[in-house]
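After this come two complexes, each holding chain A, first together with chain B and then together with chain C.
And now, the complex of A and B:
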């Protein structure tokens, strides 16, 4: 009797501790969102998404240039980073004893731990310093460098989850190695790879440091990849550190838009996971 | 009538994993239109032996062989033989059902066919239907060919894998304990199917269910510790084995 009581008590205490841990993990996100909504939502308007910034002191205007800039910079980074990351991930998973596998895993792990500002410095030395002007492309390259190790490792982990029997079934049918990899293994893990990729895109969309001395930021709407370009994180940085009250409100609103974009990508990733769970059953 | 010429022969075949010997100098012959059973306790090398017959063994880590494997007199380990072409002639069904999870029932059966050049849609439809009928699955799936293959039960999935294996018209079908993950009903369907399939193919089946070997096979080979102890007509192996080891195994004294 007494023993049963003790067990029950221990069980309840442990569950209670876990609930506390979950709450502690979720609370910060909740407060961040709440704070952003309270301080940023009031500045959100149609103008905010469609108008250009106005000179300091004037009211109104928007951050259309930064939204377009973020899309272009992150899009270009994805175009560079995703194929490289997915390709390297497939290589590492399919050739676990390949000559380059150990090296690329090691490099990916180091790159994963490299502060993003260091990556930004490299993009600056390689591209900005050589070209002698800031450019969105340099920012994209820096973000792509941050993306590659994330995409690569998730791709590799996803492919490793595919049971070997599936690979053997394809090979036993007379599938060539490359076709086994692409039309059976990668196709089976595609939802997982898409998820990892979306999360990586969400990660880099909010990066500020590597853009500071590459894309630089701009007051104007620009589609020229080889010129300085505005981006949401840069807008948040500039406006938040500026002296004007109006700017601060804009910084909050831009931060809200940024986090909504990231949340949206996260939800997309969740949906992709949901689909893979059905398929992999 | 039965063609008594051996379809598949092994000649002093030894299969290794690195420096470990899994199969020791096995010489065996399998004639067409018969079911050949390979029996023996776990780890006796029967599955490894089976996997040398379509060169799947060499894909295992450290897998290599000495000796020869002949398919219709041609050494399949000859440098001139393309392993992928060979595997289209020597199909294989595995222990656990392995339908391709992203493909529909139809696409699964057609998977191997698409490798061999261009077939018209009508030709594909015809072969898919024939293969599914042959695998005794057609009536159960004919109305839902576009459904994902994972929606089928385990037994149906295994018959789907058999349909997928026979669709490209192989000459030999290898089965590696095809019923070990199935319930008795699913097992019975597969066993009945083997009688059908041997009309068209040479069949080699690995099983550690001796009753199954006795029920379905024409010849049986007993493997123990990597060597082939005894081989002969199934009735003889089960009623009058020559080797004491064989007798001990089939009477259930070990393994």
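And now, the complex of A and C:
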């Protein structure tokens, strides 16, 4: 009897420890979000979004150039990355037993585990070193390369969920294969693909390492894709590691904006998948 | 339909002069479709091959000058053009090991709790909340680490560790803020969601009959986990841990901001260090000589090879569990 009590006690103690683990795991998230709100929100103002940075040491100014830069860099990366990722994903789902399918799946896994800084070095040697000046385009290419495996795998997984009968029905009605793929299969899974794509955009929007020596950052508002350009993550990094109090305030505010963008994209992704669940019913 | 590409070969007309036009254009359409998709799918391996080639040619200069001794020597002096990456490799491994030592017990605890014990309504929400940690950009972790975590560690946690565990060389010496231990802790927070979600998936794949058998023999729920669930999921959990290791090895921004960036090997975890990724991040845009660039590219190449090997190992282990579970369910 005593032994049984001991065993039950041990079981309960372990469950208690696990609850502690859950609390410890959730706490950092809570504190990070809280600190971002407390330290970042007070520095957010209309000027923050619309003004250029001022020289170090002066107060005021904003990060409009970085916000525009992030939009351009991430937008360009998406323009490159999404078509390739979706196309490769459809290929892998449509021709599941080919050698190329096996190869691209394998390579996508390798790329998915590749540190973003290594991809940044690649973009540097490929583009920056050749044209001998920093360029936002090199940053976009690096981000696109990080994005492709994610988009590709979700596209493939989503298409695999479509029942084969749907494909057979379309083919039996005389649809050619490409129309079956595009206007029946892909259309059915579109919300899922949109979700995966939005999550991938959210992932790369916060990436800093590949931009360090490609887009480099800039004090000015620039729309030239082949020149250095400011970006929000770079702003957070430069301002956080800089010596000025004013910079630190801006770093918190920029980080808050960055996390809001990432979370909004995540919520958008959830909404899209919510609609797909309705479609699947 | 006008989608026929100029590249597609003409339809052979041997004895088939009367194929309806719609069927012909359909064949063109299908070919064009496949061609476009094939290009997209082939682009990915081509780009990876190009990446390896660029890293290889970029590091040629340093490779011929230092050879494999690059990874075992410790002098890093851009002015004297002397480069040895051992402190970087050491720092990368040590910070990742600290991260795993903290993150693995925590994430396993969470994963086991969420699959075996938690009330059903809590399971998905808690998993999603912890998954949010994975969505936070690395640079934001770095920012939080500099201004919140490091001050707390320097004032309370580090002195406490030195007072209680100071007999170990690991916890001796002067306390700086940015340090190997600070980087390890931030890495632990960043790696945890990955280890947690993969091991949770592995645990969910364990068939219920395992648990029922143990419970039917009189085991408590915890004993059922230890004797029946964990052994079944073991190699998958090892895979999850190695996947976390792969993440930790390549993490750049947060580590760069917290590790102190010094090319040194110190016994104390309170001392600053350096990692491969952090060295690339800090020095690449400031490098002045070709050899310096080449040495940093060499570091990137080594980092790439290490992460590929680690990730491949993890995939292999997870894949073996997945195969094992499907074989198990077929056997039943």
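Going forward, the second predicted complex is superposed on the first by the 253 of 281 C-alpha atoms of A that agree within 3 Å, B and C clash if a C-alpha of one lies under 4 Å from a C-alpha of the other, contacts with A are read in each partner's own complex, and residues count from 1 in each chain.
As a working rule, a residue touches a chain if its C-beta (ideal position, glycine included) is under 8 Å from a C-beta of that chain, and two chains touch if they have at least 3 such contacts.
Please read all numbers here as calculations on a predicted model, not as lab measurements.
Enquirer: I'd like to know which partner A:100 touches here: chain B for first, chain C for second, both or neither.
Expert: second
Enquirer: Of the two partners chain B and chain C, which one touches more residues belonging to chain A?
Expert: When the residues of chain A touched by each partner are counted, C comes out ahead.
Enquirer: Taking the superposition as given, does A:159 touch the first partner, chain B, the second, chain C, both, or neither?
Expert: So A:159 meets neither chain B nor chain C here.
Enquirer: Considering only touches as defined above, state whether A:168 meets chain B (first), chain C (second), both or neither.
Expert: A:168 sits against chain B, while chain C stays out of touch.
Enquirer: Look at A:145 in the shared chain and tell me whether it touches chain B only, chain C only, both, or neither; answer first, second, both or neither.
Expert: The answer is second: A:145 touches chain C but not chain B.
Enquirer: Does chain B (first) or chain C (second) touch A:188, or do both, or does neither?
Expert: first
Enquirer: Given the touch rule stated above, what does A:201 touch, chain B (first), chain C (second), both, or neither?
Expert: neither
Enquirer: Is A:176 contacted by the first partner chain B, the second partner chain C, both or neither?
Expert: both
Enquirer: Under the contact rule defined above, give the chain A residues that sit at the interface with chain B and also at the interface with chain C.
Expert: On chain A, the overlap between the chain B and chain C contacts is residues 176, 179.
Enquirer: Can you check the complex and tell me which residues of chain A touch chain B?
Expert: 165-166, 168-176, 179, 184, 187-188, 190, 279-281
Enquirer: Would you tell me which residues of chain C are touching chain A in their complex?
Expert: The contact residues of chain C facing chain A are 3, 26, 29-30, 32-34, 36-45, 47-48, 50-51, 54-55, 57-58, 105-107, 109-110, 112-114, 117, 126, 129-130, 132-133, 135-144, 146-148, 189, 192, 196, 220-223, 243, 246, 249-253, 257, 277, 280-281, 284-285, 293, 296-297, 300, 303-304, 307-308, 310-312, 315.
Enquirer: Show me the residue ranges of chain B that touch chain A in the complex, using the header's touch definition.
Expert: Contact set of chain B toward chain A: 54, 56, 59, 84-88, 91-92, 94-96, 98, 100-102, 111-112, 115, 148, 150, 161, 164-165, 168.
Enquirer: Which residues, counting only chain A, touch chain C once they are in their complex?
Expert: Against chain C, the touching part of chain A is residues 7-8, 10-11, 14-15, 17-22, 24-26, 28-29, 31-32, 35-36, 39, 83-88, 90-92, 94, 100-101, 103-104, 107-122, 124-126, 129, 145, 148-149, 152, 176-179, 181-182, 202-203, 205-209, 212-213, 216, 233, 236-237, 240-241, 248, 251-252, 255, 258-259, 262-263, 266.
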